[in-house]
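Take a look at these structures.
Each of the next two complexes has chain A plus one more chain, namely chain B in the first and chain C in the second.
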Partner chain A sequence: MELRIEELTKQFGKTVAVDHANLSLHEGVIGLLGSNGSGKSTMMKMICGILPSNSGNVFYENEEILKNYDNYVMNLGYMPQQLGFYPNFTVQEFLEYMSVVKGLKKEFYMKKIEELLMKLNLEEKRKAKIKNLSGGMLRRVGVAQALLNEPKILILDEPTAGLDPKERISLRNMISRLGEESIVLLSTHIVSDIESIADKIVIMKKGKILYYDTPENLLKMMEGKVYEVVCDRKTAERYMTEQIVVNVKKHHDQYTLRIVSDEVIEDGTSIEAGLDDLYLYHFNDEVKLEDF
Partner chain B sequence: MKEKYKEHLIIDEKHMMQTIEITKKMIEKREVKYEENKMNTWKEFFRFESLKYCVMAFISMILLILIAPHVYNSGYVLCCLNTGMIGLFAMVDMFQSDRIGMEELLRTVKINPSHIFIYKSNIYLIWNLVSSLIFNFIVVSVDQNLDYMTAVFYSLVPPYLVSGLLLLIVDHVKNKSAIILIYGATMVLSLMMVNWMIRFIDIPSFIILPILMISFAVYCVGTGYHVYRMEKGVLSWN
Partner chain C sequence: MAKMILFELKKIFKSKFKLILCAFVLLGNLWMSHYYNVQYISAVNENKMELHGVEALRYLDQFYSDLKGTVNATYLKDIEMKKTEMLKRFMDHDKSKEVFGEYYPMILEINDKENLDPELVKEIVETTEKTCKQLNIPFPLSYNDDYTYLKIDMLYLTDYKHTRQAFWYFDGPLQSTPFMQILNEEENQKIEYIVVNNQVKIKDTGFADSFWPYEWLEKYPVQVIDYLNDRYENMSSSYDSTVGATTLFNCISNYMIWLLNMLLIIVLLADVFSTEQRHKMDQYLACAKEYKKITMAKILTVLIVTVTIFAIQMGLLYGFVSWIVPIKNLDVQAVIPNCLMPLRRFDLFTFKELLIRTGITVLFALLSVSIVTSVLSCLTQNRIFSSIATMLFVALPMVFINNTTPFNMDYFPFEMLRMDTLFGNNIRFGFNQLICIGENVYYKASIICVGWVIAGILLYLFCYLKERRHIVRS
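Coming up: the complex of A and B.
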């Protein structure tokens, strides 16, 4: 199974949202990592065939997706970033409705809905109206509708946004299992969402794909770039203005800093890199506090 | 790395066993996934999309029947009111489906919005036709006045004409409230026009048919144009 993207480009006026992207995706969980506005949603919409590209194409099994779109959507499950679902439908009704428009058979979808409500812990909410759901529940309903037709290609745009830690973990477990037999592409700007489950990671910045590799290989690039420094307050402040500081721990008057740096930090010890370090290394210039 | 983290994943034993049980049952009796019979699909679709509006329109029709005998020239006036009301339901419905997220979602499915739209607007027009006929039939048999039959056909002009015109402009107007205003204004204008034609100029009935035909043509062209724009993905109302 292969989903291939060739020279995909999308421009909105002067903004180049996606800039000549090339990717070849196979079974597994692929994490699409990038700060807000880096073009993740735009690329996903083009992969789903709902946003025309300015140039470039998407191929599924070597066939351009729009050529045989009816066939393509049978293999596709998509969860958009904005979940403006019909507010007056109950969860059950909404899932039935989506099954109908997906062209599924009633005998099939009634069972599938049971299964999904169960798997996503939504059984108690089946009669709740969409408009009364919390953000986390709505997200889970969004995931459930994407899974109704057992898609081979699953595109989830920020599925973990607004979930509490427990919900995150159960969703992560589920996604990890799904990746065993389908192509699961999920976007996020939160590193911890994907570092445990992604087989491969795409890093996107300002519409360009910077890297596409396994987490291990990406971390290899960071070797020798992460340091731990133990110092007093004054030195800590200096480091924080001069370097990329990933983490600060305070213990009495002693500060322990985690620093990502291309240069050698004299009084620091080199430590093992994590994906957080990688993310900050690339997005330091545009990281906002809300991302953490 | 995946392996390294697997041990940290929290496993809820009970939940997992339940899931396994259910999945087993599912696999045992896995049915064909897709519906081959289109009629069934539409039947289900009608249940979700159109039923409640049709029921509302039906109730409003019954109310109109009840007040009809007490209003001067009630046949066509109420007919027009009735069509206006159904048109309004269709309108509400159209906007309901135009929600960010939902619209995107519905484009990635088999029965996409252009299908849905054609289906919906046709359901309303058929419903409109049927309910107008029933309504007028009742009024006619109560009042013993055959003039009302002309009004039935007149009453079909506004929804066709207005829907058709609306569909022609809808893709070019970004502002939703502008669309609602235009819709309302056009509906009122065409109702007044019909009213005026029937009341004050004694036009022969055979003119009604061409007028109805023209309205219907406008409607067809409007629908075609809208669907064409939709399929090209250039809807601009977000």
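Coming up: the complex of A and C.
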């Protein structure tokens, strides 16, 4: 199974949201990392076929998706970043409606809804009106609707935003299982969400795909660039202005800093890199202090 | 498709506000029907007791049922006798003798007859006029210029209102024209014409005299005149109580009721195509397999909602009227008893025809509003804009009432609702117009309804094309 993206480009006025993107996706979980405005959601919409591209194409099993779109969407599950719902529908009604518009048969979708409500811990809320649900519950309903048709291609735009740690772990496990048989493309800001489950990671910056590789290979690129430094307050402040500081821990009067740097930090110890380090290494110029 | 329509209906009616509004409009209209069409009716029974509203309608229904029969020479003679008896019962004889003097018994006999002796009528009129001046009371007689007709205005009863009721009773079935002429099997009052240079020249306006003026008849082609004559010849000649049918017709032709329904439809449907974008559902639906069917489901939902509202409102009105008085005799000629609605007559129609034609025109007026609302909702993706724009569309003809309109307003739903312009004898220029296409004669109302069917198909085709894939705009 292959989902191929060739020279995909989208422009809004003078802004290039996605710039000649090329990807070849196979079964597994593919994490899409990028800062706000990097073009993740735009690319996902184009992959879903709901936003026309300026140039380039998306191919599923070597066939351009828009040529046989009805067949393509039967294999597609999409959860957008901005969740939409009919506020007066109950959870059950919403999922039934989505099943009907996805063209599923009643016998199939009634069982599937039961299964998803149970897996996503929404059983008790099936008769609750959507307008009365919390943000986390809404996300779970959004995920449930994407999974109704047992999709071979699952596009999840920031599915874990607003979920509590327990819900996040539960969803991560579910996505991991889905990735065994499907192509799961999920975007997130939360690096830890994909760290443990992503088979491959796409890093996007300003519409361009910077890297597309396994986490191990990406982390290899970071070898010798991550240091731990134990220092006093004055030195810590200097590092924070001069270097990319991923983490700061204070213990009595001593500060332990985790620094990402191309330069060798002489009083630091080289340590193993993580995806947070990778993310900050590439997006430090776009990340504001408030993000911490 | 049925399931999708069901969900579309849920999207509309899952709102408490909309449900309350529906109940308010539908039940409020019943109150309005009572207020405008029942409450004001009054009648006086045999015991000179004044009745109002529901009681009055029930009494009148019984009263007119007693006058039922086939209108022929025998029927007219019987009615004439009944009328004289009634007059004697209702009149204030002492006062009348004082006014009319020795002519009083004679007046009772000749009252409301034509072709009288002009000398006698002139003498009665002059004498009575003199007496009235002496007594300082209003002159109580009506007569024509050549003194061949005389009618008592019946002022001299103990209670003026009672007199008025008696007057109305006999003004109903025995109006001189055109009802009596049409129903009287022995009369032949067809429109007579000749054709000169392919132009119709009217020789005698016949039964149409009081509601189609000469100059208008001459504008019609031969087929239309023949059509009118044909209808005239085939009209029912039976007279019976049509109080229930008339009250139902009055309720249905109350344009205020339907105007409120129009506003309800606008509120219900203004969001029908924009709700997806408003609730950010368009992104889900754009990549759903049955996406194309959603547009069709929405279009069908719009039509179903409109027809259902119409049917419920008609059902409520029918139930309301039949609770008051039985709705019967729909196949007799639609002559409305004068005490229920003076000045309106629909001589060439039975009540069934009148109710069906009125109902269909109202339904199409409602459909036209729902089509415009939903298409604007699709076009603008904004419920506020689409509802305001449709309201303006509905209200536009109101601006031009009694003025010259810049273009033909007949196709506007508000004009379609104004039932007093339909088939009535007092309006000749609107829906009542007959149009000849080829050899066939059509009512303008029918042409307008067909026009809306075509417009609806074209507008919805546009919606269908617009709502294709790639709808995500955010």
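Criterion: the second predicted complex is superposed on the first by the 288 of 292 C-alpha atoms of A that agree within 3 Å, B and C clash if a C-alpha of one lies under 4 Å from a C-alpha of the other, contacts with A are read in each partner's own complex, and residues count from 1 in each chain.
Heads up, the rule we're going with is that contacts are C-beta pairs under 8 Å (C-beta built on N, C-alpha and C of every residue); 3 or more make two chains touch, one makes a residue touch a chain.
Fair warning: this is a prediction, and the values are worked out from it, not measured in the lab.
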Joint occupancy of chain A by chain B and chain C, clash or fit: clash
Which chain makes contact with more of the residues of chain A, chain B or else chain C? B
Once the shared chain is lined up, is A:L51 touching chain B (first), chain C (second), both, or neither of them? both
By the touch definition at the top of the document, which applies to A:E216: first (chain B), second (chain C), both, or neither? first
Quick check on the superposed pair: does A:Q145 touch chain B, chain C, both, or neither? Answer first, second, both or neither. both
Contacts of A:H20 with chain B and chain C, given as first, second, both or neither: neither
Answer with first, second, both or neither: which of chain B and chain C does A:R4 touch in the superposed model? neither
By the touch definition at the top of the document, which applies to A:N173: first (chain B), second (chain C), both, or neither? first
Where does A:K111 make contact in the superposed view: on chain B (first), on chain C (second), on both, or on neither? first
Running through the overlay: 58-66, 202-210, 382-390 or 400-408 are the candidate stretches of chain C; which one clashes with chain B? 382-390
Show me the chain A residues, by the header's touch rule, that chain B contacts in one structure and chain C contacts in the other. 45, 48-52, 70, 73-74, 76, 78, 80, 82-86, 93, 96-98, 100-103, 145
Can you list the residues on chain A that touch chain C in the complex? 45, 48-52, 69-70, 73-74, 76, 78, 80, 82-89, 93, 96-98, 100-103, 145
Please give the residue numbers of chain B that touch chain A in the complex, ascending. 1-2, 5, 8-12, 15, 18-19, 22-23, 26, 29-35, 40-41, 44-45, 48, 96, 99-112, 116, 232-233
Interface with chain B, chain A side, in the complex: residues 45, 48-52, 70, 73-74, 76, 78, 80-86, 93, 96-98, 100-108, 111-112, 114-115, 118-119, 121, 145, 149-150, 169-170, 172-173, 176, 195-199, 214-216, 219
In the complex, go through chain C and note every residue touching chain A. 3-4, 7, 10-11, 14-15, 275-276, 279-291, 293-294, 469-472, 474
